[in-house]
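Chains here go by letter, A, B, C and D, matching the order in which they are written, and residues are numbered from 1 within each.
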Amino acid sequence: MSNKKTLNVGIIGYGFMGRTHANAFRKVTNFFDTPFQPVLKAACGRDGAKLKAYADKWGWESTETDWKRIIERSDIDIVDICTPNDSHAEIAIAAARAGKMVMCEKPLSLDGKQGEEMVREIEKAGVANMVWYNYRRVPAVTLAKQIIESGKLGRIFHYRAKFLQDWTINADLPQGGAGLWRLDAAAAGSGVTGDLLAHCIDTALWLNGSIDNVSAMTETFVKERKHQLTGQVEKVEIDDACAFMARFGNGSLATFESTRYARGHKALNTFEINGENASIAWDLHDLHRLQFFDYNDEGQYRGWRSIHVTDPDHPYMGNWWVPGLAIGYEHSFVHQVADFLQGIGSGKPASPTFRDALETQYVCDAVLSSARSGQWVNVPKLS
Amino acid sequence: MSNKKTLNVGIIGYGFMGRTHANAFRKVTNFFDTPFQPVLKAACGRDGAKLKAYADKWGWESTETDWKRIIERSDIDIVDICTPNDSHAEIAIAAARAGKMVMCEKPLSLDGKQGEEMVREIEKAGVANMVWYNYRRVPAVTLAKQIIESGKLGRIFHYRAKFLQDWTINADLPQGGAGLWRLDAAAAGSGVTGDLLAHCIDTALWLNGSIDNVSAMTETFVKERKHQLTGQVEKVEIDDACAFMARFGNGSLATFESTRYARGHKALNTFEINGENASIAWDLHDLHRLQFFDYNDEGQYRGWRSIHVTDPDHPYMGNWWVPGLAIGYEHSFVHQVADFLQGIGSGKPASPTFRDALETQYVCDAVLSSARSGQWVNVPKLS
Amino acid sequence: MSNKKTLNVGIIGYGFMGRTHANAFRKVTNFFDTPFQPVLKAACGRDGAKLKAYADKWGWESTETDWKRIIERSDIDIVDICTPNDSHAEIAIAAARAGKMVMCEKPLSLDGKQGEEMVREIEKAGVANMVWYNYRRVPAVTLAKQIIESGKLGRIFHYRAKFLQDWTINADLPQGGAGLWRLDAAAAGSGVTGDLLAHCIDTALWLNGSIDNVSAMTETFVKERKHQLTGQVEKVEIDDACAFMARFGNGSLATFESTRYARGHKALNTFEINGENASIAWDLHDLHRLQFFDYNDEGQYRGWRSIHVTDPDHPYMGNWWVPGLAIGYEHSFVHQVADFLQGIGSGKPASPTFRDALETQYVCDAVLSSARSGQWVNVPKLS
Amino acid sequence: MSNKKTLNVGIIGYGFMGRTHANAFRKVTNFFDTPFQPVLKAACGRDGAKLKAYADKWGWESTETDWKRIIERSDIDIVDICTPNDSHAEIAIAAARAGKMVMCEKPLSLDGKQGEEMVREIEKAGVANMVWYNYRRVPAVTLAKQIIESGKLGRIFHYRAKFLQDWTINADLPQGGAGLWRLDAAAAGSGVTGDLLAHCIDTALWLNGSIDNVSAMTETFVKERKHQLTGQVEKVEIDDACAFMARFGNGSLATFESTRYARGHKALNTFEINGENASIAWDLHDLHRLQFFDYNDEGQYRGWRSIHVTDPDHPYMGNWWVPGLAIGYEHSFVHQVADFLQGIGSGKPASPTFRDALETQYVCDAVLSSARSGQWVNVPKLS
């Protein structure tokens, strides 16, 4: 390995996100020239056997079964939180107080209030921090951001986003516990709102600015499911589906929708933005493409362009292969690590920081509140 | 021509819809075996020169410049109303009272109250009647209806529809008068809600049943435009864009959106319906295709099918060409006439009747009301 | 109807093409300002009952059961030939000698030698003439021609075309006789080469200039089929599939392929042309779209544009509906009639004339000859 | 790391393929349970500085500047050849004689004769061997293979394949030397035939069986380019484009085409196969999708299915993420290593072996020979 300065990572959680992060830490310097070399120092989880298998598979140098040990260890520079949502706050705050850099899975917190505390503590500690809203770093999404910043779109009229899945239609699927904590309101905080819409909202805030107010509806299609932890059939407390309308600060109108009951859609995360002079659309099922319509094209020859985002002058792509050869989902995490490492101590921290992610939390709160009240709800501004 | 019984048509209005209807009346018996032969007997409009040109082009046998003459003439069997929305009620009621069959352009009326009167009168007269919601008769849309009726979808979870255009972005476009009455609230009643969403709602009610309640937002992006009739810059009173959420009687959740400010979309009328076992999607830009996902397909080989709706066993298509050869927009009107003629006196009138179209009007009213109040609004039930 | 000069049409044949042509003659003046008004004067066919039904359906004023009567009648201005390929020459030559204008279905003739005689006679007679290669007049194809003529493509490197169908896979399908003469070499001259590739070749010659030489292969997958006329199982003499490589006069390389055994493709007529600076692609299954890639677009934002060819400034489209509303297959015939009428006596006859179509015949001959010999074969130049 | 048995890899070449292979060796055990753990033991290249940078970046434990050292070192188990084509034979034979396992980049050799010698030596040595035709292991391509083996397609009628690029259109691009040896016939053996068509042919032989004979054409569009090594403008000896027709042993007809002059296509590697009962299509630009048409679907609902190949029951995908989350190009190499490791000593070596790859070489030879002679050329059978 190179003799660049190393940063030791301690990861907490070894589930799906534990794998995407480990892969990112392992690969990043193979493809990106970063100022630091991450080292897979310690992995933490409660199930010793599973933890061992995970650590072996990915080459984590050591293991811990109590997350507090990760915080205490002096050889850990970065604490990476991959646990269910209900433990983000406690771990992140402890890590910050211990002076560790913190990378936290999304959503930041169970709600805005909790998120505010996390931001307060992390900023007081002055440590580098980031939330893993990875989709910002799909090259086509980053390219969309560049197009928007170039001013090509002009005044924005419309934003629409969806995140559609179909994996919980089966009413026999249990809730709670390993692999299914996302169906348990206690662990997840909410259903599709925090899990899926949070992604859409993060992207939207990044691309289109702040949201003023929202009107939402939610639904739980399967009212009761057996709980894996209690063994009892229990009421399902999460939102299976959520749609909301919104008005952005820039005057544009928006619709958002998410569900786990859209048969035929596995992970159809999409957005579209319509401006006065141009429009952009993207979806995760063909994540390497960006749809772009430019009204400035010669009249008879206007059409939606399907940009195959694999050229060296496309965001991040100069570090991968050659034109035409696509990268996939996991690469967005590699880019996130690369940008995080680049941002450390640079004065320009990589986004989204905890503070950025708090804004998403505020929108989620407003959405859930509106769904309960049937009223339009204003989104608090970040102080 | 054949010696089948003729029905004389008197058309009122010679604009865009005057052309689609004339084409439909002229072509229908070339392709469909109908019990009646429509005859283009009389065309009516206020501008004599334009009327003459229109009548010559399409072979209307005579012309009138006062619509009341069409009602009075004893040689007219069917009155076809293609005028701006604010005159539908008066003409339709007069025609019904005169015992004429009535075909009326959509939307039925300026609002539900007016529509109720129209339904009352038309039903009292007992004459055949229909509203030109032509998209029901795009073969792919009719095929969607057949799939739904086959029960393949199972319980329905989601419905979403959009009608996106981009032709009024230019702020220099005037409002009102010839060709632009759709931008004038006095003539049109509303903006995209009555013009575009009415189509989406008609299709939705047909495919997915009744709507219980809605929450809507509207926006007028260009606040003032020069009015063609007055020559003055006047406030724009129509809705440029409208989005709403809805709950259907069958428990499914819906989002609807329409705008004339979606750069890159000319007439993107779409719907998607997600059921427990299958999903369907369609859009007007590729109107000859239906997207269909069937979860009952063998697991590894599941995927969205793009059905090229041009086979003889597809709705209406056995009357046109051969597999692979598409038909277009205008054909939906031909089908509408064919079905209308088939329905006369059969005891099974072709839909949507005035009564069917009133339900769409109720939804539009609720949408506009909700947009004003910011509240969820219940949709009245058809009595 | 208007008082423009009329031209009386006598059609010979009432099959599939009889319908597309009748529709075109009936509709053309509803949509296009032509210098002449075609009149459906006489229809001719051998089966009296079917002929009567056809004439009634379409409003042909009279019928004949001997095609020579059409030639003899002094009230016929245009003879339109829709018969199987083996009778084109005799009828066309007789019509030309009688001073009639001649419109002839494609392919022009059974082979180049026969075609040469037809060209000689038609040019000697000096009558207006055209061959119904209708796909040139699909708006998207005409738009492709305009792009090419604008010089946007630069030097051309590649041309590729296909026409894929799947309707003869069933080995129980008989050959010969009504509806199936295309499977009978005696009536059709060849299989997919004359039926389908002739279309591809006509388009290619129009878009990309002359072809120098070809190397081809053909195959007959089902070797024997019952013949409808003899009732016997007979050897199938047509080519079920044909592929060929070609070199164009402009130095570009080409591949062509046609078959009726491509499961899943109903009528997939496609072409693509790659130039130094831009590329174009089209297919009949989505005939209202043109794919266009322009290397002159700004680097990061290059992509294939899908042009929805429905704007008023697109070829022919100003005469139809509004942006976003597609037309279909049959409209290409309407355009062909409009252009033919426009060309009469103008000094600029509409293409493809008999002479133009002869060039396609030469290529077909060379293809079939190469398939027999296994050698490259030069294509004769038009004198 | 786990305590599974290790295998030490010595790689020769550090260019584009050096990166794809290093990545594969590093990642494979993070995702696949293989019987061996590859160790990145030694990297070899002639340019010491570049080699050092490469080795550092990827964690190769040592470096060598003479490839013979890799062969000599007793701590190397697998020799991986990533050099230009003209050195494959010498290195592979030396490695085999030294008893090393050999993995060799494609194409196997400069021609069939050379390939035969390589096969002879490798089989005499009895060492594990494989050629890196990676596209077989794109999950969608492997799924295609499974569908074919299931018998769903029935009798095969057609196969067509293309590999279209556009990166050498610029006539100022030099030939030869670093990064551009693919344009130099001396180093590459041929142009697109060995570079791109070899991929198409390998896939075709795997999916559709052996090829009997071919008829080909080639072209060199830019006749002279400056040579990077000599500094002189020299004749370009490679084929810029190549198309060929073929007949397979199973009676199906095929067309193949490759070029580096297809503007708008970066790496459009495609195939389509049409069977009696079903068809399949794939392309590298959307490599995570497989198009599948099944005639056994219910008549009205038939359509091409777009299978999003990201489910756990799709080939290889159970080892990656969750449904809807795509992988990319590089993963095909990871799969290749996984399969290679699985095959060692199992009696079922992973394909394509050197022997398998020799068959592709025979087809390439026949193609180039036919292009020279203008004749159909038979493909030798593997003995």
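Just so it is clear, a residue touches a chain if its C-beta (ideal position, glycine included) is under 8 Å from a C-beta of that chain, and two chains touch if they have at least 3 such contacts.
Just so it is clear, the structure is predicted and the values come from calculations on it, not from any experiment.
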Taking all residue numbers used at the subunit B/subunit C interface, answer same if over half belong to both copies and different if under half do.
same
Greatest centre-to-centre gap (Cα means) from subunit A is with chain C
With chain centres defined as C-alpha means, what is the inter-centre distance between subunit A and subunit B in Å?
42
Intercentroid distance (Cα basis), subunit C paired with subunit B, Å:
36
Centroid of subunit B to centroid of subunit D, CA atoms only: how many Å?
55
Multi-chain touching residues of subunit C, meaning two or more other chains, are 265, 302, 304, 308, 311
Which residues, counting only subunit A, touch subunit C once they are in their complex?
143, 146-147, 289-290, 292, 294, 297, 299-308, 311, 313-314
In the complex, subunit C touches subunit B at residues 1-2, 16, 20, 22-23, 26-27, 29-30, 56-59, 165, 167, 265-268, 284-288, 308, 310-311, 320-331
Okay, in this complex, where on subunit A does subunit B touch?
157-158, 160, 164, 166, 169, 215, 217, 219, 221, 241, 243-245, 247, 251, 253, 255, 257, 259, 261-265, 274-279, 293, 295, 302, 304, 374-376
